[in-house]
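Read the structure below first, then the notes.
Chain IDs A, B and C follow the sequence of writing; residue 1 opens each chain.
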Amino acid sequence: MQLLLQVLASGVLLGGLYALMALGLALVWGVLNIVNLSHGALIMLGAYATYFLFTGAHIDPFAALPITAVVLFVVGYGIQRGILNLVIRGPMFNTLLITFGIEVILTYLAQLWFSADFRAINPGYAGSNFAVGGITIPLVQVISFAIAIGLTVAMWLFLLHTRIGRGIRAAAQNLVAARLYGVDPKRIYAVTFGLGAALAGVAGGLYGTVSQINPYIGGPLTAKSFAIAIIGGLDNPLGVIVGGLCLGIVESLTALYIGPTYRDVASFGILVLVLIVRPSGLLGRTT
Amino acid sequence: MFRFVFLAATLCFAAATSAQTITFGASVQLTGPVANTGRYYKDAYEFAVDKINAAGGVKVGGAQSKIALKLLDNQSDVNLSVRQYAQLLSQDKVNFLLGPFASNFVLADSSIAEKAQVPMVQGGGASDEIYTRSYKYIFGTLPAASDYFGSTIEAMAKLSPAPKTVALLYADDSFDVSVAKGTRELLQKAGIKAVLDQRYSSNASDFSVVLSQIKSANAEAVLVAGHETEVLNFIRQAKSLGVSPKLYSFTVGVPSADFRHALGKDANGASGMTAWLPSTSLKDPWFGDAEAFARDWKAKFGYDPDYHAAAGVAAVEAFVKAIEAAGSTDPKKVRDALAKVSFDSLYGHIAFNDKGQISLPQIMIQIQNDKVVPIFAGKDFINKLEYPLPPWSQR
Amino acid sequence: MRIAIVVIVVLLLAALPATGNTVLLQFGISVLLLATLAQGWNIIGGFTGYPSFGNSVFYGLGAYGVAIAMVQLKLPFWSGMLLGAFLAVLFAALLGVAVLRLKGHYFAICTLGLAFIMTAIVSNLEIAGSNIGLVLPLLRSEVLFYELALGLLVLVTLTIFWLSRSRFGLGLIAIRENEEGAAVMGVNTTLYKVLAFMLSAVFTALAGGIYAYYITFIDPAGAFDIALNVKMIIMAVFGGPGSVLGPVVGAFILSTISEVLATKLTSVASMFFGVVIVIAVVFMPRGIADLVRNGRRAGWRYFIENVRTHRL
């Protein structure tokens, strides 16, 4: 019983980080209709940014997160403004292909600049934990979980309940009307993509504190983020929490009862099931 | 840097058309997920070739020939490396082949060498499968995977109190599965019970479930056969989940400097094994001895060599000795000479068994005070093992 | 006229082994197989408009069919090819019905998920050698593989040619352009889509089978490689999806440049693909086929127009 509770706790904490990873992707996809295959690469860059801020400038990783967010925002803004804007109004498949191309380029540049050596963000308190009723809870993971939930709720409030947020959604849905109201669609799109990249960056920084960093971590993280975003549903930003928790818990239980080599079968199995049975996701509106 | 290799290779090639030059070809992981170990082999091959050329090269039938090297980057993609080896043979017309890193690469690439009947000496793959196919042209300088934990388990039996329960964890690739198979038999013979015997997916990043199982099963010792990134995650997550076995040993990571650097203080206490230590007792015809080799390597490349580097150098040296013994560059004659080769080098005694694999004992090592300390090899403890390890909270 | 050119090219390609240049032969094998894969994707992605990321599953099933048949069951190569093709078609038929109900990027993601699931399942199967994979027996005949690959490419291209002129093919195009309209007009969209998926599966699996025997080694990561699926799509899209020869041309051009880079400037090779994709999608999103058809008249303005229509 103890083991099950411990595993569940680990699954929940993992789910929180997963949710944050998928948030940027879900934002860009749900609002802008851009399927960003380079999302994982942005997470990877965020991890490196936090790593260098920690080892180079000796800034605590959690304190470095806002700086990482700004850096990645600029990168995302640039990508959208410079490359993606050129194909937005074409067939949607083209954004898929072009973001794949961007992923390849970003991974290559990371390998060139940072080498394939793996890094780890290891602040002094990295291994500390505390016990709650016989279950060990790692400190860093709890903080990450809190940040993840916090940012997700903040994003939900922003998109659904602030004027700017609603403006972004409106512009994405009806470009002509938005223009008539004086909204600059290029800037809105770039800002939104930048926001998505910033969120990916923060997720990367947190990921680096619990796992290791190398230029190739992007691919599997993109795949995971897709699964989470879809399972939760793209209509509601809170969906990633549901998707993340669902995946974190199912993966951990699968590893415990069936075997660690079946994790992917479980996670992507749920993805396929959700798509077939309820494509709008667990929190989505059924059309 | 790659442009330098390309340029150097081209210059060597240009020189090759005039005098008798012997060309070695290899496809190595210079980019991609496994590149941080792949580059040991590039550096090793180049270092060895430069040193041997500086000493006069290879003596073939009376004349001194220089060695040229053609290296390609397979981007950590097995399919690409297979095509590159085929290209090295048919287009670049290299004389002999040196191997890539990692058993799964060697498994695939060795078929090309065998098909073309050109000898390949590799220092990157140890899994049993490489040697069970009755291939005649493949030789390896890494000792058998199934014996990796041999010295560790022997040491464990001599500890007091000796650990009675063990958790065995292994990744699902060819090398680690071989290690696990051999380890299971060794554990059985030593009368140690494996309370957990778990296979996990390569490149896994989350070990919290398995760590919780280890804690719950009260395993006294943990043996992990996996890749450096996985072992890194394992140790960090063990600390954050408060899982403190009395002893833990890993097949990779412990000997390499950037692994210890990435973990910092958390690396202390981890055990591992290596078939090679840079000691002065290993004398070498070109490098003096292993310690001098390690010094020169560090001076040239800026990092400490480990057994991968030494195994790569050993591969080149084995070829040179075999070519000299055969007195020709004919692939079949060199192959026969390789089968009989026997000499001492900075890597130890190089000789291949009838399957083509070297046989060297593994030395158990442990990281103590940020340094790699040899612990046990064969009979007695060389140094004291830090055992049992104190719980994480008390370190 | 165009048919005559194609026939001459095919005959020239078939005669290539006579030059004795093994490098060219090896390169030829990989290009021909890639072209076949691009054409296979063309059926479901180009003609029917369903961008499948699951073709790597068909490829993997074909490869494993041959591997398991030859290594575990000790059957000859041809039985393996049949087994692989059968597994792929079965997979397409059973899962196609459920998965083809999804549209556009949802379909793409779903098939991507299937690819991941298959990789994970196969890496746990003992008979498939788990994650270690299987080593196939050695066959020292590049010429046989080359001619087989060429034959398969000719077969799939002929099939697509037939498709472009048959009622079935027109039905697929109708589905791509306006699925609801097609259904209203009496096209059995579910049947047509699943059949297209199965057809795509057959050729992709056969290509996988040839490759497995040729390379003598497969493992789950290599057999179900998503990057390969992306390559198929890029070559088909670069060449011109929905056209008869477009994907073949796309495959030839991209492969040639990629191989040349991989051997000469190894470090840049991996980035090359990324840059090409970005440039191609921005400036010629409808592929080479469209470029050839319309570009000549419009000249440089063709590229500028593409950007102007599609950018924000």
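Keep in mind that, in the parts below, a residue touches a chain if its C-beta (ideal position, glycine included) is under 8 Å from a C-beta of that chain, and two chains touch if they have at least 3 such contacts.
Please read these numbers as outputs of a predicted model, since none were measured by experiment.
Undergrad: Among line, ring, star, complete and other, which best matches the way these chains touch?
TA: Topology of the interface graph: complete, with all chain pairs in contact.
Undergrad: Please tell me whether A-C or B-C has the greater number of C-beta pairs in contact.
TA: Looking at A-C and B-C side by side, A-C shows more C-beta contacts.
Undergrad: Return the distance between the CA-based centres of chain B and chain C, expressed in whole Å.
TA: 38
Undergrad: Measure off the straight-line distance from the CA centroid of chain A to the CA centroid of chain C, and report it in whole Å.
TA: Using C-alpha averages as centres, the distance is 31 Å.
Undergrad: Going through chain B residue by residue, note those that touch at least 2 other chains and give them in order.
TA: Residues 31, 172, 201 of chain B touch two or more partner chains.
Undergrad: So which stretches of chain C touch two or more other chains?
TA: Residue numbers touching two or more other chains: 120, 123, 131, 270.
Undergrad: When you check chain A against every other chain, which residues touch at least two of them?
TA: In chain A, the residues touching two or more other chains are 108, 259, 261, 263-264.
Undergrad: If you look only at chain C, which of its residues touch chain A in the complex?
TA: 51, 98-99, 101-102, 104-106, 108-110, 112-114, 116-117, 119-121, 123-124, 131, 230, 233-234, 237, 270-271, 273-278, 281-282, 285, 307, 309-312
Undergrad: Looking at the complex, which residues from chain A come into contact with chain B?
TA: So the residues of chain A in touch with chain B come to 2-3, 6-7, 10, 14, 108, 111, 115-120, 122, 126-129, 131, 136, 138-141, 210-212, 214, 216-217, 220, 251-252, 255-256, 259-261, 263-264.
Undergrad: So in the complex, which bits of chain A are touching chain C?
TA: Residue positions touching the partner: 35, 83, 85-94, 96-98, 100-105, 107-109, 175, 185-186, 189, 223, 226-227, 230, 259, 261-265, 268-269, 271-272, 275-276, 279.
Undergrad: Please give the residue numbers of chain B that touch chain C in the complex, ascending.
TA: For this pair, the touching residues of chain B are 2-3, 6, 30-31, 72-73, 75, 78-80, 82-84, 86-87, 90-91, 104, 107-108, 111, 114-115, 129, 133, 172-174, 177, 201-202.
Undergrad: Which residues of chain C touch chain B in the complex?
TA: Its residues touching chain B are 22-23, 26, 30, 120, 123, 130-133, 135, 138, 140, 215-217, 219, 221-222, 262-267, 269-270.
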